[in-house]
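Below is one structure, written out as structure tokens; the observations come after it.
We just call them A, B and C in the order they show up, numbering each chain from 1.
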Amino acid sequence: MKKWYCMILAVVFALVLLAPAAQAEVDFSGEQINWIIPFRVGGGSDVWSRLYAPFFQKYLPGNPIVAVKNMPGGGSITGGNHFEQRVRGDDGLTVFGSSGSTSFPYLLGNSKVRYDFAKYHIVFASPTGGVAYINPELGVKSAADLKGFTKEMNYASQGATSLDIVPLLGFDLLGLNVKAVFGYKGRGAGRVAFEQGEVSIDYQTTTAYIKNVRPLVEQGLAVPLMTWGVLDDDGNIVRDPIEPDLPCFPEVYEMVHGKKPSGQAWNAWKAFMIAGFGVQKAMWLPEQTKPEVVEAYRAAAKKVIADPEFQVVVEKSLGGYQQMAGENARKAFDQVLSVPKEDKAWVVKWIKDEYDIEVK
Amino acid sequence: MEAFFQALTVLLTPSHLVYLVGGVTLGLCVGILPGLGGIVGMTILLPVIYGMDIHNAFALLIGMVAVIPTSDTFPSVMMGIPGSSASQATIMDGYPLAKKGEAARALGAAFTASLIGGLFGAFVLSLIIPIARPLVLAFGSPELFMLAVLGMSMVGVLSGNQPIKGIIGAGIGLMLGAMGDAPAIAEYRYTFGFDYLMDGISLVIVGLGLFAFPEIIDLLIKGRPIAEKAELGRGWFDGLKDTLRHKWIVLRCATIGVIIGFIPGLGGSVVDWIAYGHIIQTSKDRERFGKGDIRGVIAPESANNAKEGGGLIPTFLFGIPGSGSMAVFLGGLLILGIQPGPSMLTENVDLIYTAIWSLALANIFGAGLALMLAKPITKLTIVPFRYLAPFMILIITFAAYQASYSWGDLIALLLVGILGWLMKQFGWPRPAALIGFVLAGNLEQYLFISVQRYGFDWLTRPGVIIMTVIIAASLGASIVYQNKLKAAGRTAAKK
Amino acid sequence: MKQWMSIRNLFSLFLLAWFAYGVYEARGYGFLAKIFPMYVSLVLLVLVIVYIAIEIVQGIRKTGGGKGAATGSDLSVDWDMPLEEVYVAFMLNLGILIGVYIAIYLIGYPLAMTLFIFLFYRFMAGASWVASVVAGAAGLGFMAVASHVLGMDWPEGLIALPWPLG
């Protein structure tokens, strides 16, 4: 009898000792991880995920296959809603990749959106930057000349509820007279329209800017104005390290208005700028995911980002921006999640007043 | 120039050739399966190319995309089902030829035309690369709108002796194309509350629904083989001779293909129709078009291979893809760490030459392989259709499901299919509907941009005026054609 | 013949309803989204009304109605059987397809398609048992290869089955 008692005690004791260890041991050996990308194959977010996928395969415990699953539709709302409504399980076998186009309808309170970033666990986030430039024929030599500049300009836009909120609201904040021409398909089309003279002010992501607009600047066909800036560790918007000679948006605001930016319009711009650029793309785990799985993912993301081989990829294909893993990403994205209701409502009203477009 | 031939010697090394042939083989397979085209092929290859040598990856990707318009002719000719969106117009005369038992001849002509068109496309590409940027920049939104109108004007020749049916047919396409998100604003039209319709119906489903579904059903009802005569008639060698005899048609249509290919925004899906319409408009004897005129096969086939060369230009030099498969190819470039842009001409000129040579070699391999396969595959047209039908249904549902991986794809296929069958029975021209569908987005988008930006001043731009003249000439030509037909009908009636 | 004619007219009426709905629905859209579908469907509505008028006039003038397909407009259809039979055969084939869809919904795409090919060969095409099994297996083989190469998912059925059936 005593023997039994001892054995049970020993087993219980062993279990108590082992339990946390067993729990902490996340192993994906032989598993396939599906990474839902709510955009079509070959698009920006798809390329981003495919650049990351092999490195996650390398650093996640057990080296699972990381497969990108494209689920395009509704400007990424379809994929986001699928993630919210259909993905269950706490084992981290399905992850989601969001982009600015996923965050914007979420911020604007689009009624079709079912997903809620506040519930999910962020793994890492990738920032990007934007550079605005202008047609030299308008006589603007640099951002300083924008003070009191009132000539009408055209901007090639994809739509007033798209990522273009950032440039359009930005131009408005600077008091520029910019007319949005809607209907262009993507930034590439906007750049071509700029070269054709169809529009006179434009912006490109930094990567596209370097390859496609710098040659124009050298030929005197474009004048760079400013970058949107990047987030520093304290959540401030500072100069873009990729184009350090250009002022960032808050600096230009100061040049034009003579005071530091503040107020509701500025807060709204900043929130959308962070969602659209500062933490443009992010990987998410579902709500129910076990904490140790989240930890395993975040640890893997840190290792991926530290990998010198991946640093080359960042330089070549991701614009050279510092990628954010784990806590850093969470802190940065919290700025998107904590946007006050009034600021969001202000933007919705601004879109309505300015472009007569309802956000439904 | 030296770099140009150096690129060839690099490409002719065994390892590159292996990738090129691999790409060609995949391209032929994807092309031959109805509904699967360049986008699916690119999607298969994208995960493979990560970390691959850039030149090898180019050989693989371009080899694949170059030959899809070659092999997609098989189902178009043999079953009246478009193999991919590039060969829709080939059906018009290729399929009647197959019904007459001349499938081998049609295929021979088509592959030869594809080969010459493809080589010519690569050649033109190498010539216009230096002046390509200003050329592309000459097409602003107003010009692109006029190009879309030019495409729509092809409906004129495709609506035969009942113009009102042609226009309404095109309108059916426009209405199908208007479904889903509006181009300028995130508003969803005619969705009936279904999330599936938020992005509209995909071209693959409309193509399969309008053409494949009705053909499969009708063949099942008739219960006969496709070829109405048992013997297979003249062989592919006659087709080859046909193409060589019409060499000017080939070169003309190949030029059209390159031009439409390099203009970003119009997309490659109407190239074949424009070439087909062009050949009807410029032929004196038109009575046999639509009943098995070999020229109706040669024209679209020489244009659709040539367009792939043209399509590389905006992708390389501007980073704006002209078609769905080029959009995926652009993603491939980014994965390989290449940022497209004007610097491609200075920093990566070797890649451009590799692309041109890959294109040329792939067309040669592709046409050769397709010709070898032609003879055995044409035997399928004398097999009773009930043995083929279940497999055809398998393939079209399979292909439709690849559009967005949802049940909506299958249901949309069935509904558009029923629409297509009814249109076919009641003589509503489906080609007109297809052209309308393809161009709906372009028409709306570029008209909006033009009006927003220029008010009505855009109408006086030189490019717009030139295009207006071309459209007027092409419409005039089809009206003359109608009158001739009516006159011919009267004389026939008198006799 | 009479019934067939009425279906032809029903199709024209369907187009009329479609375009009318197009106008009706477009009224509620925002300005940028409204213009194009609104005007396209308005023009089409007028054209369809004109067309239906032509159809009625022609219907009165001569019974039977001309061959629908115009020269050079589309592939022509010639039936060597009464059109009522064509119509019945169409409904039959459509019914089979809907049956296949229901099967896909219940048991998933691969198994449903395999069974469909097998049953079609055996009972519709009158092939031998052996040929039918071979055909079904060939279909399954194609799907397995394609899904493996393409790395894609099928419509899953209510009943989950192991690969390659599920």
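Criterion: contacts are C-beta pairs under 8 Å (C-beta built on N, C-alpha and C of every residue); 3 or more make two chains touch, one makes a residue touch a chain.
Note that the structure is a prediction, hence the values are computed from the model and not measured.
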Legend entry - Identifier of the chain whose CA centre is least distant from the whole-structure CA centre: B
Inset, instruction - Compare the CA centroid of subunit C with every other chain's and tell me the farthest one. - result: A
Inset, instruction - Report, in whole Å, the distance between the mean C-alpha point of subunit B and the mean C-alpha point of subunit C. - result: 23
Legend entry - Whole-Å gap separating subunit A and subunit C, where each centre is the average of the chain's CA atoms: 42
Legend entry - Distance between the centres, which are taken as Cα means, of subunit B and subunit A, whole angstrom: 36
Inset, instruction - Enumerate the residues of subunit C that touch no fewer than two other chains. - result: 30, 32, 151
Inset, instruction - Scan subunit A for residues touching two or more other chains and write them down. - result: 182-183, 357
Legend entry - subunit B residues counted as touching two or more neighbouring chains: 43, 47, 184-185, 187, 405, 448
Legend entry - subunit C-facing residues of subunit B, complex: 40, 43-44, 47, 80, 91-92, 95-96, 157-162, 164-168, 171-172, 174-175, 178, 182, 184-185, 187, 189-190, 215, 217-218, 220-221, 280, 286-287, 289-290, 384, 386-387, 389-391, 393-394, 397-398, 401-402, 405, 407, 410-411, 414, 418, 421-432, 443-444, 447-448, 485
Inset, instruction - Report the residues of subunit C in contact with subunit A in the complex, numbered from low to high. - result: 30-32, 151
Legend entry - Of subunit C, residues touching subunit B in the complex: 8, 11-12, 15, 18-19, 22, 25-26, 29-30, 32-33, 35-37, 40-41, 43-44, 47-48, 50-51, 54, 67-77, 86, 89-90, 93-94, 97-98, 100-101, 104-105, 109, 113, 116-117, 120-121, 124-125, 127, 135, 138-139, 142-143, 146, 149-155
Inset, instruction - Using the touch definition up top, name the residues of subunit B that touch subunit A in the complex. - result: 39, 42-43, 46-47, 50-51, 136-137, 140-141, 181, 183-188, 195-196, 198-199, 264-265, 318-320, 327-332, 334-335, 337, 339-343, 404-405, 445-446, 448-449, 452-453
Inset, instruction - Within their complex, state which residues of subunit A touch subunit B. - result: 40-43, 46-47, 50-51, 54, 68, 71-75, 77-78, 81, 105, 112, 154, 159-162, 179, 181-186, 188-189, 191-193, 195-196, 198-199, 207-208, 210-212, 215, 313, 316-317, 357, 360
